[in-house]
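Presented sequentially are two complexes of chain A, the first with chain B as partner and the second with chain C.
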Partner chain A sequence: MTQPPKATPRFKRRYALVLLAALGLLAAYGLNLHWKGLLPRGEGFVLWKRFFSAALSPAFNYESTSVPAGTPPFLLVVFRSVLRTLEFAVASMGLALVGGLILGVLSSHSFWDSALGQGRQGTKLRNRLRIFFRTIAALLRSVHELLWAILFLAAIGQTTSAGLLALTLPFTGILAKLFSEMLDEAANEPSAALEGLGCHPGVALLVGRLPIAWPDMAAYGFYRFECALRSSAVLGFFGFQTMGYHLELSYNSLHYREVWTLLYALLFTVWGLERWSGILRRSAVR
Partner chain B sequence: MTATDRPQSEPDRLRFNEERIRLLHKSRPQNRAVQVSGGLFVCMALFSLWHLDLQWGRLFADPSEPGLFRFLNQDIRPHVTRQPDWTWADLGTWLLTLLRDYGLRATWGTLLLATAAMGLAGFGGLLLAPLAARTLTVPDPYMGLQNGRRSLLSSAVRSLCLAMRALPEYVLGFLLLALLSGSTWPAVLALALHNAGILGRLFGDSLEDVPVTPMRGLAAGGARPSGLLLFGGAPQAFSRWLAYIFYRFETCVREATVLGMLGVISIGYYAKEMRSRQFYDELFVLVLLGALLVLLADALSGWLRSRLRQG
Partner chain C sequence: MDPVFIVEDLGLSLGGTEILKGLSFTVNPGERIAFLGPSGAGKTSLLRVLAGNHQPSSGHVHTLGICLSELKPAGIRRVRSQMGFVHQDLALVPNLRVLQNVLAGRLGRLKALAALRSLLWPNKEQTHRVFELLEELGIGDKLYERTLSLSGGEQQRVALARALYQDPRALLADEPVSAVDPARSRDLIRLMSKVAEDRKLPLLVSLHNPELAREFFPRLVGLRQGSIVFDLPKEQVTDDHLEALYRIPSKASFPADQRA
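Now for the complex of A and B:
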């Protein structure tokens, strides 16, 4: 039986927006933010003009006139940094997808409630194991990529494996959470029917539940791939040879036209990924 | 194939069943784009793992050499516990001093940063949403056939949203650091711009997806786009908007823990400082504080969203 709709919503929506605005203003007050801080002052204005006029003429070559002999051409450096950014993003996503799928299955209700032995015995243990894996996923994702990066840099030094782990661990946690939710929300009937026919619960999960959740999982995975690309670019601020590294170098030497070339390259890469996922979405809907 | 075609003898029936399974397998839904993309992604991942030239040596190094083991055993151990005769009281004092000196301030600053940015981003999203909703910006909205009508304004606003969210918050903050005086605005603005881009698009999408019947009624009654937005679109999409704001708040808190590295008093700020001083035990406590804050924000946002779903 369905409940009749409530006449008065429990959540007072009309106050929500006012409350949110008030909280935002209070926080701004707490941070000593003043709108005047947004205006460029004195020398700042010249800087703005220089920075934004450089947007119209991105650099195709080094801005500095004294480039040591043997330095690779600027565009090649940009290309290499895009490649390195993509490498970190793709490699970490590849590992995180595998890890997230395993951890996601292990922290889902649908696995523990059906896959391991029917009946009542061991319900408590199963519940505890599920919560254990869920907690691992929560801990992995609650620490930001860059904090992971700092930890790994301190632990194993400036190696590519430190960067890869810093990206992989939080994304594994995020994917595990979403994947387990999607598995649990997938329609129950096919896997129940398979189990009713005597199918092993693990197989029922694999062929009855996973294929239903799969499109959502793939779409979300792709969205996370975009996030991984952005995070990978930022890793450059911590000494890895991704785009952030060159952005920081050029920006600090006031070579704004080089900065814009790098920004355009980053925007183009993100746009390309978005196109790719758009094509996938459209073909999956059809 | 009908029931009368079904062969009678046992081997024939087996062959018949095999044939049917083969046909079923052949007619399963297949998608070329998905297959090609999946294969491409796997190839790219394998290439990247090879080309990154990963060195795992320090991960498994002997505890006497710098590496993960030594880090976990010595570096992140609270320094008071490295003396042979330490007590739990020492550890408690150390932790309390840390919290009093900067820990609580850092956590509070992170929360303020996320909230202020969220307020701004929500405001920006509300401004962008009606312009990004194609159903409202076409001429004669909700009159006649809607399918396939394009709106130049909405495309432009959606591209703007894309550009705003394409750049990572940290990069935006870094660029703004030199352009704005003071150090709080760059972080707030970076977080707000990125999220306004996301919210503008999500808000716009949910405006496009509202049930059309009330909108048609309003339009037939002569409502202009502003009326359609205020009395049809916004009330219907409002719950979704709130849900999106809570969802983004979660991510904002997570992102705010590191944006402090650009100079706002927050967790990232002190984390960077402790890193450069090589106080890894205090760095580790800060990381845990950040994780705790993120988990709390997660729980709060999840609770609010479930309340919202219940109505």
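Now for the complex of A and C:
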């Protein structure tokens, strides 16, 4: 009887898994992690209990009894901070979508392999240009939005544009990377067929490739919008009038019920966005 | 009338592999030819050369009286725009409407901006022309459907409509029926033959099914390992011809790595 062919064992993958597990244990050791330490005890536990029991009774009014006259009602402040947070998120995502799309196309293989013709000369230059744009995208996203915020606060002070740029730049880099990959992963045949009937390569990219990648790009864009919303809220900790600003105020005054109102408002906003994007995506697929 | 294609001693190598060698034949206006042969015989490559998508490595191809190898890129684009091509995988953009997929057929004739405008905001005339074509192919009611919601057979008609909307000088199809059942295959080949005959277009189709080829094509060309084995009127093609064409070589004389 003939023997079945032997499968080549995938040792590399196995070793990688063992290595990862070992690294995890090493990190826990390095951090001096004890299981007991993960649960709050003593004074910490009291605080913990106070904070989480406030979750059941979020504030509808200021917890402090001595509010100066003329202060707007608490719920109105919460509502305004939600709006502010949304404004930052929408504006920065709008800019990041445009920037990410342009930078994404410029750092994709599908653009450089087609748009400048298939001639042999210039292959090196095309490759260099693609890597150049990819590097820009990588640099933009390698700095976290909160670090960008610190940079811009130092450079131009606490202005709206500082906050906007801090969110826009890293998101542009992330979107560019994802968009370029989605473009390159889209089926080749339709755009190749369009070039085959004499179509301009740039048009073939826009008509034969972009629409195929579009649903994924839209879905990812919405997910990023959700991230932008959270980051925009956190921007408040740097003094911008988003939800983080009021979270910090309430938290520092130990007004945990106010904190929970703000957290619920954030949760509700993200949930609403998620629902809305879900509806949009379903109608786009149909 | 002048021939549509004159192929003289055509050779094609891609990435160091010889795909076609020493092919010579002539295609006259209105002729319907089926290319037969085993997988990897070079049928697809031959059609792609005729459509201006591959440059011949040796020999000459004259398309509509123009020598392909003497053309500059702009000239090649023009030749491509005049060759209606139905791809094996159809190569439609799945999430665009049928209308837009068909309109895309004429993108090769327009400058970039005009091309985009014609897709995004087609005028009444263009839309009506597409509708007429789809009506002729029996799917007029699908004009505004998303292409991926159509059945396989309907999508083939969209691909055919796109090729016809090019207002081509020849209709080429690369194994257009490899993905559907025999009844639908026959239906589509009959439809293709009819629209080609009505327009007096030459029709060049690569097929896997000799019966279908014999039924609808007056001239059959057999390809094997990049060469023409026979080029005969269908009446003269015998079962022996076909048997020799598709015979699987024994392992000793034909190592697996040489089958393209």
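Basically, the second predicted complex is superposed on the first by the 264 of 286 C-alpha atoms of A that agree within 3 Å, B and C clash if a C-alpha of one lies under 4 Å from a C-alpha of the other, contacts with A are read in each partner's own complex, and residues count from 1 in each chain.
Rule of thumb we're sticking to: contacts are C-beta pairs under 8 Å (C-beta built on N, C-alpha and C of every residue); 3 or more make two chains touch, one makes a residue touch a chain.
Values in this document were obtained by computation on a predicted structure and should not be read as measured data.
Q: Should the pairing of chain B and chain C on chain A count as a clash or a fit in the superposition?
A: Once chain A is superposed (C-alpha atoms), there is a clash between chain B and chain C.
Q: So, does A:V234 touch the first partner chain B, the second partner chain C, both, or neither?
A: first
Q: Between chain B (first) and chain C (second), which, if any, makes contact with A:I212: first, second, both or neither?
A: second
Q: Report for A:E248: first if it touches chain B alone, second if chain C alone, otherwise both or neither.
A: first
Q: With both complexes superposed on chain A, which partner does A:W271 reach: first (chain B), second (chain C), both or neither?
A: So A:W271 only meets chain B here.
Q: In this superposition, which partner touches a larger number of chain A residues, chain B or chain C?
A: Touched residues of chain A are more numerous for B.
Q: Tell me which partner A:P72 touches in the superposition: chain B (first), chain C (second), both or neither.
A: neither
Q: In the superposed arrangement, which partner chain does A:G198 touch: chain B (first), chain C (second), both, or neither?
A: second
Q: Clash with chain B: which of chain C's stretches 4-12, 130-138 or 184-192?
A: It is 130-138.
Q: For chain A, which residues count as touching chain B in their complex?
A: Residues in contact with chain B: 5-6, 9-11, 13, 16-17, 20-21, 23-28, 30-33, 37-38, 40-41, 44, 47-48, 51, 86-88, 90-91, 93-95, 138-139, 142-147, 150-151, 153-157, 159-161, 164, 218, 230-231, 233-234, 237, 244, 247-248, 251, 259, 263, 266-267, 270-271, 274, 276, 279-280, 283-284.
Q: Given the complex with chain A, which residues does chain C contribute to the contact?
A: Of all residues in chain C, those touching chain A are 48, 51, 53, 73, 76-81, 83-85, 87, 89, 91-96, 100, 104-105, 107-109, 111-112, 115-116, 119, 166.
Q: If we count contacts the way the header does, which residues on chain A are in touch with chain C in the complex?
A: 117, 189-190, 192-194, 196-200, 202-204, 206-208, 211-212, 214-215
Q: Taking the touch rule as given, give the residues of chain B at its contact with chain A in the complex, in rising order.
A: 31-34, 37, 41-42, 44-49, 51-56, 58-59, 61, 66-68, 71-72, 75, 109, 111-116, 118-120, 122-123, 162-163, 166-168, 170-171, 174-175, 178-182, 184-185, 188-189, 238-239, 242, 245, 254-255, 257-258, 261, 264, 268, 271-272, 275, 278, 280, 283-284, 287, 290-292, 294-295, 298, 307-308, 310-311
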